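One chain, chain A, appears in both complexes that follow, with chain B as partner in the first and chain C in the second.
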Partner chain A sequence: MTIGLTHYLVVAAVLFAAGLFTMMTKRNAIGILIGVELVLNSANVNLVAFDRYLGPGRLDGQITALFVIVLAAAEAALAVGICINVYKNLSTVDVDTATRLQG
Partner chain B sequence: MRTFCPSQCDQSVERKRYDRRPLASARGSDRRRCPLLAACIATWLGFSSTVVWASLPTDMAQSTKAAAPGGLLEAFLFYTVAGGVVLSALGVCIAKNIVRMAVWLFAGLGSVAMLYFLLAANFLGAIQLIIYAGGTLVLLVFGVMLTSKSPWVRFDPPKVELIAAAVVCLALVVSLCTVLARTVWSSAEGIVPGATVAAFGERLLTTYLVPFEVAGVLLMIVMVGAAHLARQEE
Partner chain C sequence: MIWNDWLVALAPEWILLVGACLSLAVGVTRVSKWASPIALATVVAALIVAIRLDVPRNGDVLPGLWLTSLTFYVRWITLGLGSLIVLVNWHQPAANERGEYMSMILFSLLGVLLTASANDLVVLFLAIELVSIPTYVLVALSREDARASEAAVKYFFLGALSAAILAYGISFLYGAAGTTTIHRLVGDTVQSTLRTNGAIGVPMLIGLILVFAGLSFKVAAVPFHAYAADVYEGAASPVTGMLGFVPKLAGFVALCKILTALDWNLPSEVNWMLWIVAAATMTVGNVLALLQKNVKRMLAYSSIAHTGYMLIAVLVGPVAGQGPMRDGVAALLFYIVVYGAMNLGAFALLACFKTNGRDVETLDDLGGLARRAPASALALAICIFSLMGFPPTAGFLGKLYIFSSAFSLQPNHPMHGPLIALAIIGVANTVIGAAYYLRIVAAVYMGGETDTATPVGGRPVRWGLALCSLPLLVLFAWPTGLTTQVRTATTILHHSIRTGSRRVAAAIDSVRTAPTDVAPATVSQAAATYEHHANP
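Moving on, here comes the complex of A and B:
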């Protein structure tokens, strides 16, 4: 019943797949953003688990995870701003209707 | 000044009623179920956080091997929290409603914070709760409120896409798990420091000083950029 590195990595894999599924199937731009957050979280779980089991006390993984959290917050702020602009112009956030830049 | 015309008014009222009917029924059912879901998630989060906190060593300064490896308690905690993570991730996938997706994401972020606590990353768990669950999620919910006429709007993808995405994701999970099961990690048996905050700050201001400062500049740029993007048009 020893909980090892593999257990955490399996949880992160499931989280990643769930995020990928969300990104692939949702049409709402905010829904896609939620999928991205799930994927980033799975990467963070991997980082912290590797930090705990392969290099305990060195904190490299944890600090990288901290930077990922900071970048995720910045990305969410910008993406929500873009979504609001898209909604102003098209009055919907359905990603299939935002085709003005298509060649 | 608008002129009053009874026939037009009746028409508009009639149209409004007709438009509202399907929406009202959907809204009603969601209103009934959303508090139940939120209550379940809150109860679960409270339960798991209590158990995790109760199991943490009282003297955090003393280094521990994370509740003694091989301990039954650790296994129980891990499976409880991991079950919560997987359940809420699946909830995000399956939920059609964007508000409900946000609620499930909240549960997932909380469960991932519990995983961090189990991995002896106390500071990161707190940061996860504060920034992700407290900041990013609120931002997303505000985004939902600002970008839809009704928060209960749904965009349903075609069934073919759903099946294709499910096949791809299942294949990904299966292949990743196969690889993980075959890999043997050279586990470094070291002492896990219980309280990492002081060491965390020291590393952040010595080895990782340049990325730290760059992240600060980036946050400022993003703040200005987001305010510019979301400003009111004159």
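Moving on, here comes the complex of A and C:
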């Protein structure tokens, strides 16, 4: 069996679903961040796979993937900052305890 | 293009970038209170440069960036309302955080400017994130309150998820189109690259739905609206005023760009998806707003409802004709600037007063404000009547343009009947909306006196309030200035939909919907047309 584009797309789709599942089930803010990273990486797998299989001489997808990685790093830094801010206020990063805002 | 021209054509963006860095640098020194004047000077300077800038429009494609008439319009309204945002936020941050705070506002505005000129999916994605990421920081910085940091967590994680979904969707668009460029100039005609052969395949459809899902978070549309009420309540009022306008503008501009790349001719599945989202967004926003006692939550749901009205205009698109009465995109561009001003004005008033040392938030807090501060109360009343869509305010014109654009579609348009139904739902929603908007005005003018409301914030925020509310009346009396601008801004869309691919797509769609007995002749005609355009 040769590995084709579809296989990569399936792997990406599984990553995407795993990321969404992680975000919905984790209660720790860092756990949710890991879910976001999984979803972002599913996009990267897709981009690089399309790049490889659409034909030679393309770099758009790989460059896009690089930028998505940079964005993921920026978001991770911000997430940690926001988590520290919450920890100072609530002494925990469990999102279930953050219930002041409910209308 | 040589780098010198880049510098000139992107002058407003450069000014914002330099101003943002400067304000960040000032923030760590002992003169950090100068950050607010620096931010205002930067935005005003960028606005003047953007207005005076004389570079060819629609003429040339820069790699990844393309300056169209739409770009110029979005620059003006972003920087114009951006200066009001800086005024309203003037005194909000603690003195030692003012540098970071102001630079975040400037970076967010820079993101909108780049979204408007993006001509590449990567640039579009990064520009939208440049709009969003500073707003997460602003929500967390806005006040010393556990609710603010909780709002920041909710806003950040849902925002990060929407960014990830957007990236995943963009990867499919790239896979289907084979390029990340949105438009390409071939000779004199603009060619959209997302739809090169008329039809839309499955990967493109998946990509489109994911991209719309990602963007509907930015514009706070159902089903990604749930964060709005919590974030609006948790963040300080001046930041909330900004959150209602800046990400929404970026989201709608991005939506228009993606739809233009498809020649505004969507498969019926996507059309119906947008229809349902628009109807649900209006209804959910207005009905939930009725149940609120907290004015900030009420205005949050009202901002969701306004997204619904704007989605009607997106669904109409520029196909019915030019000018805001018939062109949905022009109506959207008119509405969003009016919405930005009236929404910011309403939150600016909340930022003007404190009661018992906390921010003014509930209807009771506003009780009898008209007797204590008649000028501010009048400004609030103008903004609220405008949000309601009541003459003599610009909000009335905005709603009129959106609904009339829906009614002016040709009867042979595939969504002709459904869009008229949608416009009627919109009108019904406007009536529901009046109920809760009137409660705010009634509390201010007829509610019991609260002795505790004390003015805070000083002059800048009051100037911001005045400059948000007065133009709403002026614009109602003389809308021509803005309507001419929106008409110019959408010319590029009318150019691009007049190219061949739209006719091909229309022919193919008509075949798809034609009854079988007349189909053979039409199919062969459509096939001939398709062949002609695909391989000229």
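To be clear about the criterion, the second predicted complex is superposed on the first by the 97 of 103 C-alpha atoms of A that agree within 3 Å, B and C clash if a C-alpha of one lies under 4 Å from a C-alpha of the other, contacts with A are read in each partner's own complex, and residues count from 1 in each chain.
The working rule: a contact is a pair of C-beta atoms (placed from the backbone, for glycine too) under 8 Å apart; a residue touches a chain by one contact, two chains touch by 3 or more.
Just so we're clear, the structure is a prediction, and the values are computed from it rather than from any experiment.
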item: Touching partner for A:F21 - first (chain B), second (chain C), both, neither; value: first
item: Which superposed partner A:P56 touches (first chain B, second chain C, both, neither); value: first
item: First (chain B), second (chain C), both or neither touched by A:N46; value: second
item: Contacts of A:A29 with chain B and chain C, given as first, second, both or neither; value: both
item: Which of chain B and chain C A:T2 touches, first, second, both or neither; value: first
item: Comparison of chain B and chain C by chain A residues contacted; value: B
item: Residues of chain A contacting chain B in one complex and chain C in the other; value: 16, 19-20, 29, 33, 35, 44, 54-55, 63, 67, 71, 74, 78-79, 81-83, 85-86, 88
item: Residues of chain C defined as touching chain A within the complex; value: 121-122, 125-126, 129, 133, 136-137, 140, 146-147, 149-154, 156-157, 160-161, 163-165, 167-168, 170-172, 174-175, 178-180, 229-230, 233-234, 292, 294, 297
item: Touching residues on chain A, where the partner in the complex is chain B; value: 1-11, 13-22, 24-31, 33-35, 37-38, 41, 44-45, 48-49, 51-57, 59, 62-63, 65-67, 69-74, 76-88, 93-94
item: Chain C contact footprint on chain A (complex, rising order); value: 12, 16, 19-20, 23, 29, 32-33, 35-36, 39-40, 42-44, 46-47, 50, 54-55, 58, 60-61, 63-64, 67-68, 71, 74-75, 78-79, 81-83, 85-86, 88-90, 95, 98, 100-103
item: Parts of chain B lying in touch with chain A, wherever the complex brings them together; value: 66, 69-70, 72, 74-75, 78, 82, 85-86, 89-90, 92-93, 98, 101-102, 105, 108-109, 112, 115-116, 119-121, 123-124, 127-128, 131-132, 135-136, 139-140, 142-144, 146-148, 153, 155-157, 161-162, 165-166, 168-170, 172-173, 176-177, 180-181, 183, 185-188, 190-193, 196, 199-200, 203-204, 208, 211, 215, 218-219, 222-223, 225-226, 229-230, 233
